[in-house]
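Chain naming follows the written order as A, B, C and D, and within any one chain the residues start at number 1.
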Amino acid sequence: MSVQELEKIFQDKVDQEIKIEPKDWMPDAYRKTLVRQISQHAHSEIVGMLPEGNWISRAPSLKRKAILLAKVQDEAGHGLYLYSAVETLGTTRNQTIEDLHSGKAKYSSIFNYPTLTWADIGAIGWLVDGAAILNQVMLCRASYGPYARAMVRICKEESFHQRQGFEILLVLSKGTPEQQAMCQDAINRWWWPSLMMFGPKDSESTHSDQSMTWKIKRKSNDELRQQFVDMIVEQAKILNVTLPDPALQWNAERGHYDFGEIDWVEFWNVVKGNGPCNKQRLEARRKAWDEGAWVRDAAAAHAEKRKARQEVKAA
Amino acid sequence: MSVQELEKIFQDKVDQEIKIEPKDWMPDAYRKTLVRQISQHAHSEIVGMLPEGNWISRAPSLKRKAILLAKVQDEAGHGLYLYSAVETLGTTRNQTIEDLHSGKAKYSSIFNYPTLTWADIGAIGWLVDGAAILNQVMLCRASYGPYARAMVRICKEESFHQRQGFEILLVLSKGTPEQQAMCQDAINRWWWPSLMMFGPKDSESTHSDQSMTWKIKRKSNDELRQQFVDMIVEQAKILNVTLPDPALQWNAERGHYDFGEIDWVEFWNVVKGNGPCNKQRLEARRKAWDEGAWVRDAAAAHAEKRKARQEVKAA
Amino acid sequence: MQQPVNFSTDQLVNYILNLADNTLILSQRNSEWCGHGPVLEQDIAITNISLDLIGQARSLYQYAASLQGGGTTEDALAYLRGEREFKNCLITELPNGDWGQTILRQLFFSVFQQLLYAQLLQSKDATLAAIAEKSLKEVTYHVRWSSEWVIRLGDGTEESHQRMEKALETLWSYTGEFFIPADYETAAVAESIGVDVTALQQPWLEKVQEVLQEATLPVKEDAKAWMHTGGKSGRHTEHLGFILAEMQYMQRAYPGAEW
Amino acid sequence: MQQPVNFSTDQLVNYILNLADNTLILSQRNSEWCGHGPVLEQDIAITNISLDLIGQARSLYQYAASLQGGGTTEDALAYLRGEREFKNCLITELPNGDWGQTILRQLFFSVFQQLLYAQLLQSKDATLAAIAEKSLKEVTYHVRWSSEWVIRLGDGTEESHQRMEKALETLWSYTGEFFIPADYETAAVAESIGVDVTALQQPWLEKVQEVLQEATLPVKEDAKAWMHTGGKSGRHTEHLGFILAEMQYMQRAYPGAEW
């Protein structure tokens, strides 16, 4: 079959909502796009462990500590699913991780902001996980089977995390004046970075059209962002907090909330590596990896030895 | 001159209280004993920085933090004087330090006990520095000039430290019930180790007789220990604390306080390396030294370069 | 209340606090690995152990709080006691060291816990027996996991073997404390509530030796050698103060707040 | 009271707190070296700088406390404010790194402080002018000491040169914050009390470049490049929270006690 024919079959499947599976033929560009996107997502889970992990030792109650530990652990699990999905596309986990450490691969810029107070743990759950979910729900229907299935599992846990984050803030919002201030302050700092999570405006987004055709993406950045704003504004009322955007108001005509302009200079600055924690995050990951090398080597060497001994026994 | 004649001249000087100076002839054994004793004292100053240094970051007020910093810094200064005194005997500072790190040289066992609460900083000043001073006052009249002169400088600062330690405890003893308990608890833990600082009983002490003859030592371990007990018991009354020894009581006949038997098993155990912090202390010193190697190398290399450049200029 | 015995509540509370503090402090230490493990799967595994331990700690603190009464809570016990009141064994508060040291400590601790909880099933105190039963399943997994890793690293590369020997050297003198009963342990044994820890030493040594042997590591015979002690009666290393300063900061800085 | 001006006391207090927090936090960081320095003489030197800085901090907090009134003390300001209330520049709270990074930071900070205090001598606020005068002698020594060490390490061995380059890479983007005025700084300038930090950037750059050049280190020209900010208005790095947890523990755990 010619490439054109293969491409036609492939696109027909996609159009008919038949999942593409690892052994199916797929265009190189589709494969590359998926590897880039899924590994970026995997890295975001792993790097995303760090800002929240920053508060494990200081969580203000035993219950909160246990919940936070479990949450960060879930993120590691999500990373695992996603690295596995990347492996089905022929790229090893080690390769994927090396690309992160070399700076070749990206992760979500949101994790380059610091967690300064306990309320940030709530804000991350509510806003950051909230934003992530909208993207992930969409991806549960992605055309690539292993990716879509990983997303289904992730989505379940993620919406649980969002509720937990909201609940942290709810307790603070009903707490002492200091706690209320802490809650509002965290929301003030995390609101705009959360909006940035949906990426550049549609008019500036480079990969979007092709991804739509391939059904790796089903909604545009701006659509998802609008959906997020509409959802959060309602939830903010329950928390009795304000969102730091004077332009935010209901637009009856559109049936959506209008909102102000994102600081795109900051957005690109953080993407380029100048966020408050870019260096710190990448260094933490590299350090864990480098200092773990002897452990991985030893495990491999032991497995070899064991195998050799079993062969001797069997012989 | 024969060795016998030289030894006679040497001992006459000692007997007449004329200081022995670096360029004077001295018996090898005298030199060795001094090197051992002074370097052990120097190491005690340096290792002694660690238990107190442990509380610098957590000192409970700015004033206390400043006082503690200054005190630990003084100890570093004492170390310097003493390493210099050792150098006058022909042993370099590096050699002396290497002997510490290899475990060949000892330091005072007291610093192998941990500082668990802020009150320990007071107890160290009061009891540990208090015990050290009695020894040091005696050493101000040591026969070896550089040692005696170093001791004069050290003694002045040390008695200042003891007063500061006492004052820390005095504030605690007048403080909240929690602070009073903290004060008493620290004294309970530091009392016996402080008594151990004077070394084995005279009947078991190996180096004492010769050191007395050489006037490196002028009072026996037991004499100094008795002096210490008599002094501290009186001061304890002002602090309104008890000393953890049921056998402690005034003996009118002797004109001294009687006191109970030291736990010599513990004493030798800690000397042998099994104290709570022996490993930790030595590792901290080794780490500082090893991680500082590049700095010392660079400073030496720079000094060389600079010298070479000046020679070029001069030429 | 649930207090079923006629020895002092204080002693029972102390007995429980020792069990609880052990698990909380080790959980706190293990959780430092979260996000920094050598392999993703093991990052998850050590965090899981950390979670199990904090779960045990919570059950125990809740029980101790109910015995103590007066409005005490699990959080008050964990966050508002000072370092001289903590009763954990010293080994749990030692710095993690490298991955090898962390898992060797886990082996030592988990084997001890497994033997302890197995006996605690027989406790006259039904609550403690129930906590032991629930925890025993978790601990059995901890023993298996840490054994496997000690073997893997001991019998891995030259480097990993050396690191494990060093870890063994560092940790061994902290293992004796498990088996030296504190006064509250002796009292609890007399009441058939607590476990006689002295009787656990031999089976502990056998299990540990078995693992060390398979790991090609030097088998320690000197369980009676000089050992660090003090933690059970609140005389700790210099490390615990720093753990508490960090762990308790929020509760100390915002007294009375709910989270 | 000593309040000599008609702009808000709050702004003046904030202005002073920024100066005080800078010195306290850097003092706290430097003091981590005490007992762990690479050479005994330098252990003493860095501790001495730490002592000078805490002395400055105390004078400044005492003044701020007197302005604020209501029984506030130097210790309340240092030990009972939360991390979002601290106003130190981010560079002071960064981990020490190696000895090279510590002394390079000291150079950057001390050159800034020297320029700042020299101007502060002219302040209409007599107390601030007096503190500046007293501190200026100390800072002059800090500049000399850190310059010498930067030169020594930059122009030392290959290894030390590389380490200094790395330190420069790590720290440079934290130097811009000195020169971006916070609102309280702008207000203090308008009242002839504070120093116009924007005017210090050029002389700072010249002095620093001179030292870097002699140290054979890459001379940074891009003082206008992207820079980390936030500390002056209480938006810190993740490091500050840990510094405070440790530093403030005693005051938090024993509220109201005297020491």
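Definition applied: a residue touches a chain if its C-beta (ideal position, glycine included) is under 8 Å from a C-beta of that chain, and two chains touch if they have at least 3 such contacts.
For reference, the UniProt names are A, B = 1,2-phenylacetyl-CoA epoxidase subunit A; C, D = Phenylacetate-CoA oxygenase subunit PaaI.
These numbers come from a predicted model, not from an experiment.
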item: Shortest contact path, chain B to chain D, counted in steps; value: 1
item: Remotest chain, chain C as reference, centres from CA atoms; value: D
item: Selected pair, greater C-beta contact count between B-C and A-C; value: A-C
item: Centroid spacing, where centroids are CA-atom means, of chain A and chain B in whole angstrom; value: 58
item: Centre-to-centre distance between chain D and chain A (centres being mean Cα positions), rounded to whole Å; value: 37
item: Touching two or more other chains - residues of chain C; value: 82, 245-246, 249
item: Residue list for chain A, restricted to those that touch at least two other chains; value: 58
item: Chain contact graph, described as a line, ring, star, complete graph or other shape; value: other
item: Contacting chain pairs - touch in the sense defined above; value: A-C, A-D, B-C, B-D, C-D
item: Parts of chain C lying in touch with chain A, wherever the complex brings them together; value: 24, 28, 31-32, 34-44, 47-48, 50-51, 54-55, 57-58, 61, 74-75, 78-79, 98-100, 151-153, 155-157, 159-160, 163, 246-247, 249-251, 254, 257-259
item: Of chain C, residues touching chain D in the complex; value: 82, 242, 244-246, 248-249, 252-253, 255
item: Sites on chain B touched by chain C in the complex; value: 51, 54, 58, 114-117, 185, 189, 269, 274, 276-277, 279-280
item: Residues of chain B defined as touching chain D within the complex; value: 46, 49-50, 53, 56-66, 69-70, 72-73, 76-77, 79-80, 83, 118, 168, 171-172, 175-176, 178-179, 284, 287-289, 291-299, 301-302, 305
item: Footprint of chain B on chain C - complex, ascending; value: 82-84, 170, 173, 226, 228, 230, 235-238, 241, 245
